[in-house]
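Here come two complexes built around chain A, the first alongside chain B, the second alongside chain C.
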Partner chain A sequence: MELLIQSIVNGFIQSGFYALAAVGLVLIFGVMGVVNFAHGELVMVGAYTVWLLHAQYGVPFLPTILIAILLVTAIGALMEQFLFRPMRGDPLGGLICSIGVLFILQVVATVVGGDGPSKQVPPPYEGTLVLWDFLRVPYQRLFAIGVAIAALGLLWYFLTRTRLGWALRAVSQDREAASLQGINSNRISMIAICVGAAMAGLAGALMAPLTNINPHMGHNVIITAFIVTIVGGVGSLSGAVIASVLYALFHTFVTTYFNGTVATISGLLIMVLVLIIRPTGIMGHRVSE
Partner chain B sequence: MNRSALTHFAGIVIVLVILAVLPHFLRYHHQDFLIFLVINILVVSSYRLVTLTGEWSLIHAVMMGVGAYGSAILSKQFNVSFWLSMPLAGVVAGSVAALLCYPLFRMTQFYFLIGSFAAGEAIRLSWIHFIKPFGGTSGVSGIPSPELGNIDFLEPIPYFYLVLIIVTLCLFLLYRVEKSRVGLTLHAVHWKAPLAESVGVNTWNYRSLAFITGSVFVGIAGALKVHYIGTVTPKQFDIGFMVFILIWVIVGGYRTFYGAIIGAIVLSILDEAFREFDELRPAIYGAILVFAILFLPAGLESLPQRLREKFGRSGAKEAG
Partner chain C sequence: MVSKLKRSDRRQFLKRAATGAGAVTTASLFPHVAFSANKTLTVGMNIPMTGDYAPWGLPGLYGCEIIANNINAAGGIEIGGETYDINVASYDHGYDTEKAIQGFKKLALEDEAKMVMMLGGSTVAACLPWAMRRKVLTTTLLPSDITPDSEYLIATCESHPLYNVTGVEWMAKTFPDVKTAAIVTNNDAEYGLQSAATYKAAFEVAGIEVVDTNLHGFDVTDFAPIVSSILAKNPDCVCMATSFYVTPIMEQLFHQGYQGKIISCTLDYYQEIIAKTSEEFVNGTIYQFPDFDDPALTEEGVTFPDPAGFDAAFRKDHPNDWSAVAWEYPAILLNWIENAKAAGSVETEDVMAAMKGNQQQFVFGGGNWWGSQLWGLDNALIGRWPVVVIENGRARIQEYGDVAAWLAANKDVLVKHMQELGLRTV
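Right after this comes the complex of A and B.
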């Protein structure tokens, strides 16, 4: 019972990270029609920034989070400007470009951090919250989930309560119709990728003290983000968030009771199953041609 | 035989002759390189067959692994001779592909891409998870090399000839398939799916057929590879290798049969040339990929024609 509650809490905290990584992928795919394979690497760059500035040079944790977000956003903006925009209307081309970026970012990380073992960042917030004698939640994790929820809340507010957010959703629903309404779809694409990249950077920065940092950490991130995106319904942000929570709980449970590989295999199988039975995911709706 | 077919045939013969004598002028390590290059040519050509219907799968590298594991386990644990286990590797890969057809081809485009990636990852992680019979992360080692009379297939040159013969045969078959009625229908399924359906082509069947056939050939390529190295691990067939296949095909050009082969050759040689920049190599690859897709979207195969157009035009200007 105690293990059960602990697993639920751990899974819930993990879900914040999954959701942050996945919403960016969903946003970029929704608005631009591009599968950003380098999304996991954007998260990795966020984590590396914290490792380099905070753990190596002693810059305080909070400013490094901001710097990580800005840096990753800038990378996202460059990708849109020089790669995705010329490739507009060619989803395969956009995908290939993002794979190229993936390689480049991995090598940059290797050069900056050196090869060798994974890096660790000592948690800036020490101590553990103990509830009812058995439930232990490190403050670092509480901080991470708090910030993640706040960021997702802000994103929700932006998308549903501001004119820019409406425009963004309009473009993701129908690019042509949005253009006819006078919405500059290139500008909206730029905003979408900046927001998506910022979320990825934030995810990486928040998780840096809680995970092993290496140039290839993006691989697991992108697998998770794919699973969450598909299960939630491609193009549905709320679906992605709900799927993040469900998948994180599932993954944590299977990891606790079996092991991590089994958890990922069954996650992938669930995703294939969803693709077969209900390709629109739990929150998606059928898009007419 | 008309003239273009004749030059065609002559070209192939010349390439084969060059390839046949080449290893004798190379050092050991370059002979290895040549063996892997020829195997990779089979990998990209079989991938091309899968992509003919317009579906870019991300499971091809794993299908190669299915063949490799199949042949490795057959020959090591069941003492099956290489000459039987190698074609069986194709059968194993083809069968697994056939099983995957039902779920995978319910999807198209983006969903197919992600679905094939997921299915491949699930298979690859199973190799890691099920220590028996797949050997976990360290895989299966001590895979026997082929036996035939007193030829020593542990040496690179005999093995190279073996690979060259099998790959040439497979390429010939792949080429015949592409140019056959079936191959032409595959093109139709890609470019005019609704029209093809309206004249009675079952697109689902043709997509599956291309996928299964491509997997059979890449399974054979996998067997060829691991019987030379002697070891098969899950790492050899990860998404990184899949991306290399994609890059070779795209940089080479996916519109003709030769494009993918040219891509594999040129990029492998470049890769070999950059060997000393070890850790930078992926970035160089990444940059080449991005530049190729931005500036040479039809691939290297289109380069001669583009150059001709460019110089032809400037020549005309001078004359005018």
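Right after this comes the complex of A and C.
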């Protein structure tokens, strides 16, 4: 019973990272029609920023998170302005450009951080919350899940309660119809990638004290984000969040009761099964021709 | 005329100044080579310097450069009547087999390296056919790379993971209440499974029951569920056989309130682990790789010259890069030099004959060729190996264990566990 409760808590905390990484990917794909393969590297840049500024130069953790978000947002804006916009209407071109950005960011990280071991960030919030003598949650993880929930809440508010959010959803549903309503799709695309990149930067910054930081860490992030996105329904933000929670719980339970390799293989199998049985995912909708 | 002479003088001056500046610049770029009349002897390092495996490559290059600089500054080494300066040529294969082959050929053919040091595993296996055909003396840190046909492949320093038996022996002797252990390690056959089999054998011999063997992949981003799963078995000891993820596992053990013994093959960058957990938590962790400022390295039998001086030089130039391999590649280089001196030649067959014909001095003392029982050739040099424990936040040697004696008594147990995990034995 104790292991069961600990596993549920572990799973929920992990779902926060998955959701932050996946919603950005979904947002960019939904609005711009681009599969951003460099999304995992945006997460990596967020983590490296925290390592560099906080762990190496002693900048306080909270300002570092903001700087990470701003930096990754700026990278996203540059990608949209100089790569994705000229490639608009050519999904393959956008995809290839994003793969190029992926390699560039990995090399930049190697140059900045140097070769050698993975980078470590000492946790700014030390200690562990202990409940009922058996349930243990590090404060750093509590902080991370709290911030992740707040960020996802803000995103939900932005998308459902603001005119800009409505415009963004409109473009993601039908770019042409949205343009006919006077919505500037270029501006909306820029906002979408900035919001998506900001989420990725935040995910990386929050993960930094909890994981091994290296130039290739984005690889695992993007695989998980793809699984979550496909299971949730491509283009569906709510689907991505629900799938994040389900996948994180599933992965955590299989890792705990079987092992991590079985968990990863099972996760990929579920993605394949979803693609075969319900290609629209949990919350996706079939689009008529 | 006067003005002509002046112009000529000025030109001469400019020419000489430029030549002098060029010479000074060149000399400062190659301080130990520029004015040396010695011949140059090149040794190669075909290692990962980038990527996940870089911590087990790059620090070794730094260490070898220190050794080479010291030798060259002292006037070089005399082999067969010739005096040589040592040149360390390196190639970063990033743990990619194709690049490893390319790097090996580059080192052997272009740089004319007389010996090539490698980490081990698939990158060594990829190079072996060419290297053995060309008779290039090759070294590995993983003696499981040795095959009945790999005549010129030797493991003269680390015999991963055989030395781990010494840590378990010491723990069982020092902490007799440790009765159960859980093993966590990478699921690869080169490092993780070899280590898991060795630890299982060592635990069996020590009378410690293994209650869990948790094999994980290289894609783990969250170790919380893995550690929860291990701790649910209530082990007296958690054993990190050979994990690339020692830091996050230690962090989770700390946060999930683990209070038992911890034994590990490596504990690279343990100061970072202390920063992420606490000194009190990390104290008592048992592993196998000493810092070289350890007073116990001055004991009789240790052959590494001036370990403390080496440690200081390394940490001065590369303060955050010390890892398990920092001294291992240098130890291999020093062993090869000693044998080349004894052979009076730098050619592979002569050096190998000296190695096999003379009593070898292992870096921590002892030294016998071993391996035919497991891999088909006696090409692994087995000697004493230190058991290291973190005390007051510093790595300190507790004793030197006898790997050869353990193998002589318990080889069959090891073979049984290797075969159970599907590992190759002869």
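Simple rule for what comes next: the second predicted complex is superposed on the first by the 289 of 289 C-alpha atoms of A that agree within 3 Å, B and C clash if a C-alpha of one lies under 4 Å from a C-alpha of the other, contacts with A are read in each partner's own complex, and residues count from 1 in each chain.
The rule is simple: contacts are C-beta pairs under 8 Å (C-beta built on N, C-alpha and C of every residue); 3 or more make two chains touch, one makes a residue touch a chain.
Predicted model only: the values in this text are computed from it and were never measured.
Visitor: In the superposed arrangement, which partner chain does A:I223 touch: chain B (first), chain C (second), both, or neither?
Guide: both
Visitor: Where does A:S7 make contact in the superposed view: on chain B (first), on chain C (second), on both, or on neither?
Guide: Touch partner of A:S7: chain C, not chain B.
Visitor: Using the touch definition from the top, say if A:V101 reaches chain B (first), chain C (second), both or neither.
Guide: first
Visitor: With both complexes superposed on chain A, which partner does A:R187 reach: first (chain B), second (chain C), both or neither?
Guide: It touches nothing on chain B or chain C.
Visitor: Contact-wise, after the overlay, does A:T110 reach chain B, chain C, both or neither (first, second, both, neither)?
Guide: In the superposed model, A:T110 contacts both chain B and chain C.
Visitor: Quick check for you: in the superposed arrangement, does A:R278 touch first (chain B), second (chain C), both or neither?
Guide: So A:R278 meets neither chain B nor chain C here.
Visitor: Is A:T264 touching anything from chain B or chain C once the two structures are fitted on A? First, second, both or neither.
Guide: Touch partners of A:T264: chain B and chain C.
Visitor: Using the superposition described at the top, list the residues of chain A that contact chain B and also contact chain C.
Guide: The overlap between the chain B and chain C interfaces on chain A comprises residues 110, 115, 219, 223, 261, 264.
Visitor: Using the touch definition up top, name the residues of chain B that touch chain A in the complex.
Guide: 56, 103, 106-107, 109-111, 113-115, 117-119, 121-122, 125-126, 128-129, 239, 243, 246-247, 250, 279-280, 282-283, 285-290, 293-294, 297
Visitor: Where on chain C is chain A touching in the complex?
Guide: 49-52, 54-55, 58-59, 187, 214-217, 219-222, 224-226, 228-229, 232, 245, 247-248, 251, 255-257, 268-269, 272, 275-276, 320-321, 323
Visitor: Residue numbers of chain A touching chain C in their complex, please.
Guide: 2-3, 6-7, 10-11, 13-14, 17, 110, 115-118, 120, 122-123, 128, 130, 136-138, 141, 207, 209-212, 214, 216-217, 219-221, 223-224, 251-253, 255-257, 259-261, 264
Visitor: Given the complex with chain B, which residues does chain A contribute to the contact?
Guide: Checking each residue of chain A against chain B gives 29, 35, 83, 86-87, 91-93, 95-97, 99-104, 106-108, 110-111, 115, 219, 223, 226-227, 230, 234, 261-262, 264-265, 268-269, 271-272, 275-276, 279.
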